[in-house]
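Order of writing sets the labels: A, B, C and D. Residues in every chain begin at 1.
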């Protein structure tokens, strides 16, 4: 605690003094451009990993970066999403999972939680679609690799859930909203973004080259994005292979994903 | 989006490279010492304002830093709290509100929300105790000042709610858990901490001098902490006034809180 | 009632006698190939309009052919869907709305229902995403045309909801499940099927020509179907125009949908 | 799918052309006289077995033709019932179970469902009254016969549940509503109707002779119907025996229900 209070002093002495103009401006209101939904895990810091300034990220954090389907819960997620889209007119949403996620580990041994952590057990019901999919289609995987797959699939599951909110449903209509799936690998500080056209998580950097239009920087889910001309897709396929193997090697030094598994994640992505 | 992706690169090139040892260590697990519950507001960055490192803060963020009472909702708050206390054995909780909070503004004009933002309207039900207390006891205040009071009272309300969780209730019973109420003033980067003995929000720095024991750094709620010897309180009262006027002047140059209002906040705290 | 009881006799005397073999076979179990979700409306008869035999359609019927998101309700919809997919291994789902739908009319004057029909009012919460989308994007339409649009959008909304069920999520993965959106026009006995590639409801017959593969008979949602080679799409676009104008004229003799509106429905489809 | 689409064409070419007047009339609204609640089973087709025309039956279908008690769920059943009675002013309800019902089989081995089909498991909670009654009073039965009894009792259970809805409760109060319990035997296309005075399921045909008044065609539940003059009951008892043995023999050639069992079914009805 002592350390945190010292930190408060340092923050004011250093950061505040060098950014006074920003603070004056922020006092008049916030205009964040991104809703960032991630896990409560202490090893994930949205502003640090994106180097975003104060005022740029509107953040929801809970165990497992879970978004319950519309109407399924009366907790803060739905209200905060509604506020972000309706009141702040945010047009970009990132759901960011991360490696070594405790909630995903819990999902792998769900029954053991019921007695020990009943609220966590109940909460993971909203990741049941992830658990079910992984149990049905990845039975041959285990340990670290299975955890990696579950984490990757869960972000996609939560995007499905997110789409059931009226305010999201309406904004997606006419492509006024973009939704991105990220995985942060806390062992190597790497973020991979889901690319629905490559049907895999890839280095978002690889996608920056493709275009200058913000719309194109990170591929969005087909059903939340404008059509992409085939040429563009060609380019993309071409350079993707290299990018992808690269991303995979950085991501799973021990257990690179097999092409077969990528196919699975691809199909999973197709949900 | 482009900016965030560039940020990811910078983060890895700079921060990651200079903290590789930290990342290796974090890959083996997290041992955060603090559960930090705050608002989704883009102008609040828990790690920045406390200068906390990766791995130090387990974070819950939703609109209004609200903690619904145990059993009242089935959203992520309860599960994440349970996980923090039960699985991570965290022993310190900070609930941090902030000035210019949109959720608190919503609480001041609640009915207008019902049609426009039904989920937010429902969510603010869990801050109704704040609204009621302020309506009953602060009727003569309005505008900025009323918002300030509502924000200050709401953190105390949410601490009451937090106390209803079985896992919290049990840890508090043996003084194994400390709960702190903070308000972050985003216009001047100042944090004030609630001091139950002064019955007011004060500069936490003022309290650091008093003692070296971490237990004493910030006064905890009597019902979550061991008794404090009266001498200590004397000292505390003595030096508090100056500290406090200081904190007030920094905090509300336009509208310093009157002693009478402090009394009210005190009473509010006791609700 | 007398009429129905006479009907029972006639049914046994006529249909049963001419289909004894079918009945013997059905007594050993059902193997329906389609889950047909439609409205309770007395003017909609799934088996009649598809000329399906006993044993072919597993049927869910409620007011408004609504599928609440997973976890949002504890009524029969989720359980019946789970049974159909899990126990009966059904691989095709049709959600069939219909013109002149009372539930959709209710959605257009929702508030008036709260007092008169509270359960209907609550139930229509699961079509709120439809109401919101239509209010936001079709404000210039009214009456019959607005009802038509709401009905068309609602089937797409319910497909979004359907996708949140774990058993659906898992089967969609690997394209083991196809979901179709139909609108039955009870004034002219016409069924239009949603074509995600044309982004409009069209005569399903028009699509039969395109291909002999069952997979291709009715276009499925991109994310539940295999890729389609561009040639095929070309053909499809070519013939679509005529088919579509035809379908439109049959569908709305009074108020043909404008190209602009089709664009909207297209984009809506993109959700 | 191809077959169904061909069916759509045939339906329009044949049925629609020969019933154009009916379709024109139905386009102006529906005035169904019966709410028909039955199972989603593909082998049950309400309109076919009753030879009812389009517009005559308002239909609810879910797994097990279950009607949760008022307030127990927030699914479609309650809303659809409310709409049928309140908006459509329907005055007759048939709950129709059927032989070889998968949901009833599930009820016989409930625990095995919890892991495999959790939603079905939860749903069957609303048939628990059936399971309990059968376990308590039919312990000596098993297999096919037990399934037959469970199915018969469940329809009576669901009628009890139906009676808990405010709109039903109020209409029953003045005898404005009649509720009928049917069992459809899909192996022989036979429907038996529950006769509260015989305390057994009998051929509804047997009752047609008795009277010309529609009210009397099928005996209603004493508590949902006007008083019946004793003479009428006498007649009824007299001819019932023969009718009944007939119905039983047709229904359970192998295992005719003992008078003792009928007594039980009767009592079951009173639960």
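Just so we're on the same page, contacts are C-beta pairs under 8 Å (C-beta built on N, C-alpha and C of every residue); 3 or more make two chains touch, one makes a residue touch a chain.
This one's a predicted model, so the numbers in the text were calculated from it and none came from an experiment.
With each centre defined as the average position of its C-alpha atoms, the distance from chain B to chain D rounds to 58 Å. Remark: chain A and chain D have CA centroids separated by 49 Å (rounded to whole angstrom). With centres taken as mean Cα positions, chain C sits 32 Å from chain A. Separation between the centroids of chain C and chain D, computed from CA atoms only, is 26 Å. If the chains shown are joined wherever they touch, the resulting network is a simple chain of contacts running from one end to the other without closing.
Screening every pair of chains for touch gives A-B, A-C, C-D. Taken in their complex, chain A has these residues touching chain B: 1-12, 15-16, 23-24, 26-27, 29-30, 32, 34, 40-43, 45, 47-52, 54-64, 66, 68, 72-84, 86-87, 92, 94, 100, 102-103, 116-120, 122-124, 178, 180, 186-191, 204-205, 208, 214, 217-218. Chain A contributes residues 68-73, 125-126, 128-129, 131-133, 136-137, 157, 160-161, 163-167, 169-170, 172-175, 222-224, 230, 264, 267-268, 270-271 to its touches with chain C in the complex.
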